[in-house]
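Listed next: structures, encoded as structure tokens.
Two complexes are shown next, each including subunit A; its partner changes from subunit B in the first to subunit C in the second.
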Partner chain A sequence: MISLNSGQYTYRIRGDIASVEDELTRLYPHSLNHDFAVADFDIEIQQTSLLRTLLRPQVTLNIEGHKPFNPIHPSKLLPSIEWAMNWCVSAYDHTKLLIHCSVAVKNGKAILFPAKSGSGKSTLSAYLGLNGWHLYSDEMAIINLNTGYVEPVFRPASLKNESIEIIKPFVQADEHYMSRTTKGTHKGDIAHVRTMSKDVFDKLEPSKIAAMLFLDFDKNKRFNVYEIDKSIGLAKIITNAFNYSVIGEAAFSILVSIVNQATILEVSYAEMADIKELIGELVI
Partner chain B sequence: MQTTDTLLIHRLADKSAFVVFNRLNWRTYIIGFNQVIENLNAGIIKSISSEEFIALTAKEQIETLFKADYWDTFK
Partner chain C sequence: MTPTGISKTLFLAMLTQKKSITDLEPEELDSLLRATIAAHMHGVLANTVDKTLSLLLPLPLSRHFASIHTFSLAQKNQVVASANLLSAQLSSAGIPVLLLKGAAYILSNKPNAQGRLISDIDILVQREALAMVESTLQKNGWRAKSLNDYDEKYYREWSHELPPYIHSETGVILDIHHNLIPLSSGKTINIAQIEATKVVVGNNLYIPSDAYLILHSAIHLLLNDDTEKGLRDCFDLHSLIQGYLASETLDSLRVIFIEANCETEFSILIHLLNRIFNNEYSEIVLNGVHRLSWHDQVLVNSLYRTICPRTDYLLDNKSALARQHVYMHGHLSKMPFLLFIQHICYKGYRSAVKRLLGETFFKSLSPKE
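For the complex of A and B:
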């Protein structure tokens, strides 16, 4: 059993973690503990039956008493634990507004990248995190309902398929680490990248949301930026919220406030360098 | 912003829309500003012209629409 502290949340991970413990230690330095600790969420790795173990080994993740994911081969455990950690937060934490997006911060100003899968948000956010920005989250914006500020979590970015090779050259500093690649998950090949040290993370503060960028990555498209109406931005951000309909009025009020103060852009791009320059201007 | 027991209403900062949250059914409505203007031009609210309406503050616009029972649709 280990206890994993992501800054915002603590997870107790039980079961046979021997195959992933080394990687977890590298992805979450100074954040794992083998002693019993009170945890926000419980994730148990369970073996399937003995016969199946002999014929075709599989494990399931029992998360807070639920099994939301299909059984997996033990070699695919690392990304599954990461997805389970995401699931815990999105399913249970309704004290914060949770929006499906990545969050990059510079100069105390946060930029949200809400986007559908394949838009390049994880690639971009990992790139930014490895190039002078702070990656507050690769998966969801955790927004304080009183302040409207986005709060950081100490979690790695998740990279898929060709994004892994795109990002690998930027993993250079001691505080960076890229995990081994897990091949053949239902999302393709997956690797995780840590973009900062625990010391740097511990100094991060909640940040005001300065902008929201709705990304459209296409190798064949020209770089285009459009400012969109706040009404469209609000509608889009609501559809990306995990728990808007659970929180209700407080979520409505804080989102209206955020949308009113933020720059909202739609961006189609083919080169990360183009977008890096654009967003640099948004946080001056 | 305007509130009633049932509704919470804002006009967005760029004046692109009014947004309404219904406290009873927890639904959110986004009503384009242009749609309101079209409604005014169509004579749905007779007490004010669209030109006069545009000149009002957000609070005054929402109140004017209250007086015309415009928000009842969202209750």
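For the complex of A and C:
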């Protein structure tokens, strides 16, 4: 049994964790085995069947009595645990507005990159996190409904397929760590990368949202930036919110105030360095 | 290392508010939270804790409670909106919308609707109107969920409801019942009587009278092979019966059960509730009117032992035999013996395959499942 603290939520992970314990220790330094009697979420690794235990073994994740994912081979457990941790938050926390995007912060100003599959969001956020920005989250913006500020979470970024090799050269400092690659998951090959130390994380503060960038990655396109209308920006960000319809009015109000103060851009790009330069200007 | 866990007695004492949440140790609070989430009851627990008190609890509890509070409000809005949508769609075909279970409790603001989670909306329509209802819904954004051939046949031939419908925009799931009890059970409820005594809760929106709400919930609990949400049913029943007794007597309720050929079920229910709710029914039970046969006493015991969710956080709650008993009883009450044998052969084969080859074996064979 492992107790894991993501800085925002506490998880209890039970069952046969031997195959992932080492990697979790490296991805979450000073965050494991903090003894807490009460956890936010409970994740249990279970064997699926009698015969499978002997022949082609499979495990399944039981999250608070739910099994939202298909069973997997025990060697593919690490990414599944990460996905389960995300699932817990989006399924059970409606006290914060949750938006499917990555969040990079500098000078106390946050940039949101709402997700679109293939937009290169994860690659970009890992790159930024390893190059002078603070990655508040690779998966979802956790927004305080009273302040409209985005809160940091101590979780690694998730990388797929060719992104792993692209990012590897930037993993240099002691505070960085890239996990081993899990091959052949339903999303392809997956690795996780930690972009900061626990000490750095502990000093992070909730941050004001300065901009939202809707990304379009295309190797053959020129770098192009459009500012988009606030009302369209609002509509687009709502489609990326996990629990907008659950929270209702309070979510609408806070998003209106966020959108009114933020720069909203649509960006097509081929080079991550171009984005880095652009957003550098947005947080001065 | 395994979780500490709490006893079932303590778990029930917390839900029935016989003990204050502030009396618990942190480890007990954790087990309580885990077990109530598994029982789909954390909304009900949250509802027993007032806001100021909740802030004194460890963050995971206060956060889960605040979150489920927001979620139940959203759910209530969605149920009301869906009921109004159905009302408008079906009124054009001249069909009244008679809501059942969770949706009925929410639309009539019953005390047990507070914090109660529901997974679908149930309505009751007359059997003759089924074709009309289906075609009207299909023209208005609802589509039937696809099932495998066996399950489709089960619904159409033996069940008391149609295969579930799903709304293409909202994702709301709709169960259309034409009876409260499976056709194969041999019992039939007087639907005309339910229609005649229905209560208005909105424009073209109705719910059954309290007595029939209770009867339906009891049938759902007792003639079911799966007690996964059994505890929630018991809390509904207790609350509905307490409300009913404010103006009626238990005897008049019993008459409704007798008319439905469910007299034994009535006695079993009262005995079960008496055990769960700290002997609140003991006067009624003790006066001998509802004496149970030894077999039914065993059944009450099995139900009591399976009513709480299977989780490592609840101690003394792993009775496989009791679960098997409830499973057999639920099936045998729903269908004649021969059909039961046929049914368990099919389901048993699938369950054996799943145990050997894994839960998702059939999913990979048929994308429909």
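Everything that follows uses one rule, which is that the second predicted complex is superposed on the first by the 281 of 284 C-alpha atoms of A that agree within 3 Å, B and C clash if a C-alpha of one lies under 4 Å from a C-alpha of the other, contacts with A are read in each partner's own complex, and residues count from 1 in each chain.
The rule we apply is simple: contacts are C-beta pairs under 8 Å (C-beta built on N, C-alpha and C of every residue); 3 or more make two chains touch, one makes a residue touch a chain.
What you see is a predicted model; the values in this text were computed from it and never measured.
By the touch criterion stated above, A:245 is placed in contact with subunit B and with subunit C alike.
Once the two complexes are overlaid on the shared chain, A:1 sits against subunit C while remaining clear of subunit B. Judged by the touch definition given at the top, the superposed model places A:284 against neither subunit B nor subunit C.
Touched residues of subunit A were counted for both subunit B and subunit C, and C has more of them.
By the touch criterion defined above, A:259 reaches subunit B but does not reach subunit C.
In the superposition on chain A, A:235 contacts subunit B only, with no contact to subunit C. Using the contact criterion defined above for the overlaid structures, shared-chain residue A:18 touches neither subunit B nor subunit C, since it reaches no partner. When both complexes are aligned on chain A by C-alpha atoms, subunit A residues 245, 248 touch subunit B in the first and subunit C in the second. By the touch rule above, subunit C contacts subunit A in their complex via residues 1-3, 25-27, 29-30, 33-34, 37-38, 58-61, 63-64, 66-68, 70-71, 73-74, 77, 309, 311-313, 354-360, 363. Against subunit B, the residues of subunit A that register as touching in their complex are 229-232, 234-235, 238, 245, 248-249, 252-253, 256, 259-261. Across the complex, subunit B meets subunit A through its residues 8, 10, 12-14, 16-17, 19, 21, 23, 26, 28, 30, 32.
Partner subunit C is touched in their complex by these residues of subunit A: 1, 10, 12, 14, 37-40, 42, 44, 48-52, 58, 60, 64-65, 67, 70-71, 92-95, 245-248.
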